[in-house]
Amino acid sequence: MIEEKIIELGFTVPDAPKPLAAYIPALAVNNLVMTAGQLPIVKGELKYKGKLGQDLTEEEGQKAAEVCLLNCLSVIKSVVGSLDNVERILKLTVFVNSADDFTAQPKVANGASELCVKIFGEEGKHVRSAVGVNQLPLGAPVEIEMIAKLK
Amino acid sequence: MIEEKIIELGFTVPDAPKPLAAYIPALAVNNLVMTAGQLPIVKGELKYKGKLGQDLTEEEGQKAAEVCLLNCLSVIKSVVGSLDNVERILKLTVFVNSADDFTAQPKVANGASELCVKIFGEEGKHVRSAVGVNQLPLGAPVEIEMIAKLK
Amino acid sequence: MIEEKIIELGFTVPDAPKPLAAYIPALAVNNLVMTAGQLPIVKGELKYKGKLGQDLTEEEGQKAAEVCLLNCLSVIKSVVGSLDNVERILKLTVFVNSADDFTAQPKVANGASELCVKIFGEEGKHVRSAVGVNQLPLGAPVEIEMIAKLK
């Protein structure tokens, strides 16, 4: 039971955040499900804001990445009913709002990747791109999109 | 008839822009079709240029995003023959050329997302990531790639 | 024999680089295989570093893109056993670490795209997005992810 595992780890699956605009948060196609880019929003408010290497520590960036990951799971749940319908996590794309000289995007993205593996075990192991960008919606420090395979 | 709908909305499906380099503009695989990143090019010329939050208004950015969307549809048509072979639009990835303090990427991306829904209705609703970047090919303000499902 | 072709062209398929963090380098799903973002790492060391338009020439950027492409093939091989199991290359996403005024991302990405076509011929022709970003992991000039179709 994936949701119980998430709670054991000290987290919860939030209600699915509403898209900021004219799109849907997640969508199933064939045996895959893919999410829109998720920000570190908690209960409608951006919980972390600013650039890594300037406004936030790496640890804060990792916490932001954890929230993004939980929001990805949340919107997947909203489409497939239960996270127990997920066979495995396939891919994360992690955009990190970075000062021009910040190069530790992988460390920030690990916040999401490591939580993903804690939750799903072997089935949580995914491919990943971590990329620096000079700005993100609302000034968020991290934006993550996920592709997963359904049972 | 999707092309008639596009004309009703006051737009046209352009001829497919030529790739800027050694790649192809769109490609079908299994029951999906995916595009290369499309710029706001009209008849071989970049119609909009520069950074949001510095050189262009949000409204200009939205217009640029509309052109990118039409170019995505154009290159899909060039591969699958007719837009009526598209079952639904699955995903847009929207890269917005942004000044370092510009955070309204979702508003810019809405230019594409809203036109997509006007054209395809329910089948136009897609997942989306909108991301700021510090520069794009040719100095374009927006670059969009699309994944769609075929009938 | 794809590996022989690569050697004829004067390159080799390196050992698969180790991920920088908590993820896996490539993963097969259905009849596709997708890679994590690959940097221009050779034998564990970043071979090129810095921003295009500031620290590296376009030609150096193209060489870096070639290394990224070979690393993509390397990690695919590590998952599917032989590159002869690849039916065709579908997509490259090329992130180019760019000075704020550098707009020749397509030329840099051509380093990867052209090598891909030399190696795989018609089956190497792919869709592609080339995007500028203000920073990449370790300060790498290029990061590339690949999706390919398996036989």
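Read from first to last, the chains carry the letters A, B and C; within each, the first residue is number 1.
The rule we apply is simple: a residue touches a chain if its C-beta (ideal position, glycine included) is under 8 Å from a C-beta of that chain, and two chains touch if they have at least 3 such contacts.
For clarity, every value in this text was computed on a predicted model and none was experimentally measured.
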Proportion of interface numbers common to subunit A and subunit C (over half same, under half different): different
Between subunit A and its twin subunit B, rotation from the CA superposition, multiple of 5 degrees: 120
Subunit A-subunit C separation of Cα centroids, rounded to whole Å: 24
For subunit A, residues contacting two or more additional chains: 30, 133-134
Contacting residues of subunit A [partner subunit B, same complex]: 19-27, 29-30, 34-37, 93, 95, 97, 133-139, 143, 145
Residues of subunit A touching subunit C in the complex: 30-32, 90-92, 98-107, 109-110, 113-114, 117, 125-134, 149
